[in-house]
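For reference, the structures are reproduced in the following blocks.
Across the two complexes that follow, subunit A remains constant while its partner is subunit B and subsequently subunit C.
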Partner chain A sequence: MNGIHDVGGKHGFGPVLVEQNEPYFHEEWEGRMLSMMIACFAAGIYNVDQFRHPIEKMDPRHYLMSSYYEKWLCTVEQNCIDAGIVTREEVDARHAQLMKGKAA
Partner chain B sequence: MNMLTTDMVPTVLATGDPARVDVNVAPKFKAGDRVTVVNLNQVAHNRLPAYIRGKAGTVTFDHGVFVFPDTSAHRQGPKPQHVYTVVFTARELWGEAGHPQDRMYVDAWDDYLESAD
Partner chain C sequence: MKHDNHSHANVLIPEVGLRVKALESLLAEKKAIDPAALDLIIETFETQMGPKNGAKVVAKAWTDPKYRKWLLEDGTAAIKSLGYIGIQGENMVALENTPSVHNVVVCTLCSCYPWPTLGLPPVWFKSAPYRARVVIEPRSVLKEFGLDVADDVEVRVWDSTAELRYLVIPVRPAGTENLNEQELAALVTRDSMIRTGVAQSPSH
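Moving on to the complex of A and B:
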């Protein structure tokens, strides 16, 4: 797929920034994201290629603005939707609920 | 549906999801062969970087047989095939912007390559 993910050779992104003493996770939720990714993989919901493809299909604006583990969230959600475990409506409703809690 | 148990976690974290498969498939190429990369523009998944499409390079190493991502991502089977390291000159990839002594090494599945001879 000729998606936004294939940035090799593109100009304008600036130098690759290397973080000194980089932690495994920058936020607590990133660790939970890793757990969810592995649990869904072990459950047989996706293989590594099925995991990668929805990340390529993300909205290009979202792709460029999202972090590594946010991309993982997108593909775990999409794969769970494709597998019939949750619906897009349920995922969106949960996002809205969490955003509401954050605003309160 | 399978379930991930606590005792499985260290193994899963250590090994990941290896795409190497123990299947006897004949390689199309060997180290030293000149190859051209196919000009693939499919909407389906692939792991072929755009900047090597249509470019000529040389096979430097045969890694063995691996699952093919293009079919695997779409539940169309593993289509096992060889993966090679192919070396390109920077000039081949980037024209005059490439340093004359730089080389780029890219791993590529058999289906991404054609003989350049």
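Moving on to the complex of A and C:
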């Protein structure tokens, strides 16, 4: 695929921004996402190519704007759905429930 | 995650941390993953992985000519002998910088990086500007990192893949002849092993 992920050699992205003393994770959920990705990989839910595929199929706007770990969420969620472990509706419902709980 | 609504404001996942939590809780309930194992994975990354591992590989290559030769011929086996193998570091190639060749590593398609030797990649390594630019204007990018590569030095840019990862062996700094392996390892920075930085001189 030559989708938006294939950025090598493209112009217009501007300077490389470097954060000094960057922490391993900027937010707690990033660490959870990393470990969930590895746990699902270890459980055989996907291989490397299956992990990459949904990221390469992301909407180009979403791909460019989202953080690294948001991309991982997209692909782990999609792979878990494809493997029949969860449904989109279940994730949507739980997500909505948690957002409602936070707002309350 | 599907986005049927493409209006600008809805491009990103709202409350993404809560969606991660939602997915984790569902996977745990369905016994697809064990939340205790997730804690252990995070701890492993925070305590056992990271550039200090790669620094030991480099320091050994600097002090042991036989190891250096092996590392350059079969990076995977030589790095494995020190115990730094595993996910995202299954196949390794070591690249040696010399006074006439400067190697620099990127993953244009994504973020491939040798986790066992270097840990998790910094955000800039995964960012579109670095991935886009370092393959067409490496000298400019390196200059922004504070590294002026002389015109007569050849710059080689290596694009990592999901299967193959690179580790750069920086030039051993001058004035380190009397340092031992451990003292040398302390001079090897993360960026010097992706080669966007230099190994520190002993005076640092």
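In the analysis below, the second predicted complex is superposed on the first by the 100 of 104 C-alpha atoms of A that agree within 3 Å, B and C clash if a C-alpha of one lies under 4 Å from a C-alpha of the other, contacts with A are read in each partner's own complex, and residues count from 1 in each chain.
The definition used in the following text is that a residue touches a chain if its C-beta (ideal position, glycine included) is under 8 Å from a C-beta of that chain, and two chains touch if they have at least 3 such contacts.
Keep in mind it's a predicted model, so treat the numbers as computed, not measured.
*Asks:* Pick one for A:Q50: touches subunit B only (first), subunit C only (second), both, or neither.
*Replies:* first
*Asks:* Is A:M65 touching the first partner subunit B, the second partner subunit C, both, or neither of them?
*Replies:* Second partner only, subunit C.
*Asks:* Which partner chains sit in contact with A:P15 here, subunit B, subunit C, both or neither? Use first/second/both/neither.
*Replies:* In the superposed model, A:P15 contacts subunit C only, not subunit B.
*Asks:* Quick check for you: in the superposed arrangement, does A:I38 touch first (subunit B), second (subunit C), both or neither?
*Replies:* both
*Asks:* Of subunit B and subunit C, which one touches more residues of subunit A?
*Replies:* C
*Asks:* A:N2 in the overlay: touching subunit B, subunit C, both, or neither? Say first, second, both or neither.
*Replies:* Touch partner of A:N2: subunit B, not subunit C.
*Asks:* Is there a shared patch on subunit A that both subunit B and subunit C touch, and which residues make it up?
*Replies:* Overlap of subunit B and subunit C footprints on subunit A: residues 6, 8-9, 38-39, 41, 43, 48-49, 52.
*Asks:* Per the contact definition, I'd like the list of subunit C residues that touch subunit A in the complex.
*Replies:* It is residues 1-3, 6, 8, 11-27, 30, 32-34, 37-39, 41-42, 45-46, 87, 106, 108-111, 119-120, 122-124, 126-133, 135-136, 141, 144-145, 159, 162-163 of subunit C that touch subunit A.
*Asks:* Provide the residue numbers of subunit A that touch subunit C in the complex, in ascending order.
*Replies:* 5-11, 13-19, 22, 24, 27-29, 31-36, 38-41, 43, 45, 48-49, 52, 55, 59, 61-62, 64-70, 73-74, 76-78, 80, 85-86, 88, 90-91, 94-95, 97-99, 102
*Asks:* For a test of understanding, state which residues of subunit B touch subunit A in their complex under the given definition.
*Replies:* 1-4, 8-9, 12-13, 16-17, 19, 41-46, 49-51, 67, 69, 72-75, 93-94
*Asks:* Note which residues of subunit A are touching subunit B in the complex, please.
*Replies:* Within the complex, subunit A contacts subunit B at residues 1-2, 6, 8-9, 38-39, 41-44, 47-50, 52-53, 56.
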